[in-house]
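Shared between the two complexes below is subunit A, which has subunit B as its partner in the first and subunit C in the second.
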Partner chain A sequence: MADAATAVAATEMTVEMIKASQIGMKALGAGLAVGLTGIATGIAEMAVGSAAVGATAENKDVFGLVLLLTVIPETIVIFGLVVSLLLLF
Partner chain B sequence: MAEVKGGPDPYIYVCTRMRVRKSKLIPREEYLRMLNMGLSEITRFVEETQYKKEIDELATAFHGIDLIENALSWNLAKEYQNIQKITPGTLKELTRAYLRRWDIQNILTVIRGKLHGERPGKIKEVLIPAGELNKAFLDRLIEEPTPERIIESLKGKAEYPLLSKLFEGGVREDLLPKAENELYKEFYADLIAMARSGIKGGRQFLDYLTLDIDITNIRNMFRFRADQSSEAFMDVAIQGGSISPQVMQRILQIRDLNEFIDALVPLVRARPLRELLETLREEKSIREIEIDLIKVQLAEMETMSKLQPFSIHPILAYLEMKKYEIFNLRALARGKESNLPPDRIRGYLVI
Partner chain C sequence: MLTPEGMTRVLIAAPKSQMEPVIREIYRQNLFHIEEFVEKDRKEYEGYRIGTPLPQANETSRELLRLRGITNAFMIREDEEGNAGDRQKTEHLAGLIEKELPSLEKDVEDLLARRTHLDTQIKDYEQKIEGLKPFQDVPLDLELLRGYRSFSVFCGYISRELSLDVPHEIYTTDSKKAKLIILVVSNNDRSAAEQALADAQFQAVPVPEEEGLAKTRIGYYESQLLSVKGELEEINRRLDEIKKEHKGLFLACNELLTADIEMAEAPLRFATIGESFIVEGWVPTTELEKFRQGIHYATGGKVYVYELDPTEVEDVAPTEYHNVGFAKPSELLMDTYSRPKYSELDPTLLISIIFPIFFGIILGDVGYGILLLVFSLALRKFLPGGDGRKLLDVGRNAGISSIIFGILYSECFGFALPWSPILFSRHLNIGSHASGHGPDVTSLMMMAIWIGILQITLGRILGIINHARQDHGSHKTKTILANLGWIMVLWGILCMLWAAFPLPLMPDFTGLLPIVMGLNISSIIGIVLILLGIVFIARESALEIVELPTILSHVLSYARLVGVGLSSVAIAMVVNFIAIELIIEPQLESLTAFGTIIIIMGALVFVIGHLLNTILGVLGGGLQSLRLQYVEFFTKFYKGGGKKYAPFGMKKRFTED
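Up next is the complex of A and B:
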């Protein structure tokens, strides 16, 4: 019964509808790629940032170095952004 | 990593700070250089390190050895107070509990000073207000006219019930060693109870306590062996280590050193400690044994702090290393003041 209903629905879908659905799925994938990598970057930067602030509090000379280390997890979200751009364009 | 409510970032922050501070401690090579310096050169060298502020502050009031000693004590107290301020959550509670040992030391110093009729200024010089009892409270204690009044002033503090019971019939010099033993036993019992109460990070703290108690008990065993007596060992033995006091008392009856080590080694949990005990088969002075035990304890604490990088271990490792840096500098300064040869002074250094 269910199979028959699906078959009927599939036959009723137009090419435009399928294309629109694909664009929607792409947008969803792109959103997930940026969103999830953003969360991962945040978690990674939490640890690196805490250590960086701790180290800078004791020795101000290391500020430049720890700043660089703190932004290294940003690469994760940049990968996510690249993937999402590839998906979209 | 210890479980933390609200994320581990405060732990990471404070443990990193401790690690940076540890890297600023005076390295072994500098101690070796200082062995060949005079007292004024040592003072100048110390002034160039983290002790500058204290030496500058106290330079008008003290000179020579007194200046170094006071600056070191003052720096240690300030450092410990500062660490208590920056540690978060349960780490603060554990650090405070650990630092209570300085309260015991300070209280006993004040009572001893009063019994010997020392003037308040002299007693104040040797106190290190690194624990819960701050400088103002200790100043009030010093101003008390009698030891009995000192104990009364401690009402409400953790040490009061035991001291008031022990000194019920008045404070006497001969009761002080017993009071000291009992206070430290109670201190360790309280710490163990706290570590086992389910507090976050308690398991790691218990690991440290076991090591500390083992080292203390083994050191006391060697001391008792050197004194050729074993009657009072149970008075000083601390419960909670990996060897029970009863077993240690039994092992202490063995007079032959090799057999003594053979009996002791299988009971010790920490591998570096077992290895050290194996090297103690040849006769060494009690001072050498004590220094070796301290070195093993510090090395083991360093290992623990690497295995548990965001726990109480990095903090405790730093606190202990800082304490021994102060001891080393004091030994160096005292040794130079007494014109001891460098080799002799080196024997007192934990490097």
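Up next is the complex of A and C:
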């Protein structure tokens, strides 16, 4: 019975459906690429950011430098964004 | 242009009798960066001692301390701008400090002391009134409520009904908040009364140590309070008058005394021996002749000024930027990272050109550019000088660049401008108006990669120049070749890529005929470049080989120019879609009173959304393009860590000679 059902489903898949599902998969992949790298960046910036606030409290002069150190892990999510843009367009 | 201001090492040697004129002259010129003398630091200075401050140092610092006390009380800020017209002559001021200032200081101190006294008096009266308030409706003299031997008096508030079965006399007032009772019982019944009061949740109120009716006492204290407050106002008015009238004098005195102290304490940085002293320091080479003549003139030629050979001295010269006006605001960005060393190339000019361009590539939108430009120009009025002004000027340049790129991208607040994009399209397919093929991501990416390749190559070339200037001998050759090696590996990889894949916006060498082993000329050149490059890098330090993958990651990092930019475009278009298509347009079809409110809300969404996106875009664009300079560009050639050129002297704002 189950074999018959899949066989029926397979014959009913049209080219349009396959194309649509591919577009969906692409969108899913793009979303995962941005989302997961975003989480990774968040985790990395958590450590840098808290240390940066501590350092700034000790010495205000380092503010500019630690602000930059804090954005360094953003590279991860930007690569994710680049990958997802290339997937989508 | 790309180097800091040239400095010459100068040594001044003179008899101690000339110490004061020398100090005065170098302070006046404000050119000489003193190298502090440290005892037992250098061999040639054996036997030398640190100098002692000039005799007037003590007296002056005491005077300054008193003055600072007053300026603090007046809350006069030292960073206020002085008017050129109001400047005081120094000699005139010195007379004023001796004659007028002490009496003025005494007046102010007396007034301040009186003010403190009145403040405590006011508090005292207010407390007394507060204590009397509960009794203001009691028709009994206050002295009748205390001092009994055989009776106990309880005064206070109760919040429940009081039931007492011992003989007593009670007075009750009914105010809105709580019930005040005055209860008198015989001492024998005291414990019973206390028990009953506790049951009624009694809160005792102390009887004020006053005589007569509470109401009259309150009236008396209130009239006292009024007169004290009047006096206080009068004192404040007089202090204000003094502040207004003598503010310029205070600021000028403060400046003069600060200068006197700095001069009096200067010998602490000199080396002295016997009856003479020596001081070393740096003077900008262009000002050297002027400096020398000034010293000669001030001391009648009794002082020896000697130029030291820069290769002889161990210390490094302080760094003073030497930039064209256009690049000056970017000095702030350099100082945030680290001031260049004296011997190093100063990349301020490059940053002042590249940073706004990168910012524009990221936030290329006419609307946001205009917002940033207006904001930077409007705030200039409130920031007369210093780092804040520099930051605003950087913002202004970034805003202009953003407008230019907005025109090239054909974008204004996420809408398309009437022409199609001159550069590459960044319009996303969001909303029902979306048409066309969406953003040209591949071309944009390739543009970003090209920018990365060029900037990193430029960084390495600057690295070669830096090493050629700073290093000596075989080390020099090695470091230069290593930097060349990095360039060769980068371009070698590119040659191989071009030979293998046809890439948009890049040369296509896939069609070239293979020569050996299926490799064409481009691949072979690529392989040779990579191998040679690796050899050059390894000759300087084998450990550097580990860093080879950074070539790829640093170049790819420039993709953020596109990624961050596109995300800001996406937010702008989504804001437009929500505000206009989802909220405003459906209401416009059939306008009702309620619909108008919805339209106003839609407009609010539009404004707030774009405001937020501007802030995000400016922060993101600024930080990301700055980061590309600091991490990807500077690591190739720049060390930093230079000393700031801080000449001995003061930029006078309130006084003149």
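The criterion applied here is as follows: the second predicted complex is superposed on the first by the 89 of 89 C-alpha atoms of A that agree within 3 Å, B and C clash if a C-alpha of one lies under 4 Å from a C-alpha of the other, contacts with A are read in each partner's own complex, and residues count from 1 in each chain.
The rule is short, and it goes like this: contacts are C-beta pairs under 8 Å (C-beta built on N, C-alpha and C of every residue); 3 or more make two chains touch, one makes a residue touch a chain.
Note that the structure is a prediction, hence the values are computed from the model and not measured.
Novice: After the subunit A overlay, clash or fit between subunit B and subunit C?
Specialist: After superposition on subunit A, subunit B vs subunit C: fit, no clash.
Novice: Hey, in the superposed model, what angle do you get at subunit A between subunit B and subunit C, Cα centres, nearest 10 degrees?
Specialist: 50
Novice: Using the touch criterion from the header, give the chain among subunit B and subunit C with more contacted residues in subunit A.
Specialist: Of subunit B and subunit C, C contacts more residues of subunit A.
Novice: Which holds for A:F79: it touches subunit B only (first), subunit C only (second), both, or neither?
Specialist: second
Novice: Touch test for A:E16: subunit B only (first), subunit C only (second), both, or neither?
Specialist: neither
Novice: Let me test your reading of the model: by the given contact rule, A:E58 touches which partner, first (subunit B), second (subunit C), both or neither?
Specialist: The answer is first: A:E58 touches subunit B but not subunit C.
Novice: Determine, under the contact definition given at the top, whether A:A47 touches first (subunit B), second (subunit C), both, or neither.
Specialist: First partner only.
Novice: Quote the smallest CA-to-CA distance from subunit B to subunit C in the superposed model, rounded to whole Å.
Specialist: Distance of closest C-alpha approach: 9 Å.
Novice: Under the contact definition given at the top, report the residues of subunit A touching subunit B in one complex and subunit C in the other.
Specialist: none
Novice: Applying the document's contact rule, which stretches of subunit A touch subunit B when the two form their complex?
Specialist: 46-47, 49-51, 53-55, 57-59
Novice: Along subunit A, where are the residues that touch subunit C in the complex?
Specialist: 64-65, 67-68, 71-72, 74-75, 78-79, 81-82, 85-86, 88-89
Novice: Mind pulling up the subunit B residues that touch subunit A in the complex?
Specialist: Listed in rising order, the residues of subunit B that touch subunit A are 7-10, 12-17, 20-21, 24.
Novice: Spell out the residues on subunit C that touch subunit A in their complex, using ranges where they run on.
Specialist: Touch list, subunit C to subunit A: 336-337, 438-439, 441-442, 445, 556-557, 559-560, 562-564, 566-567, 623-624, 626-627, 630-631.
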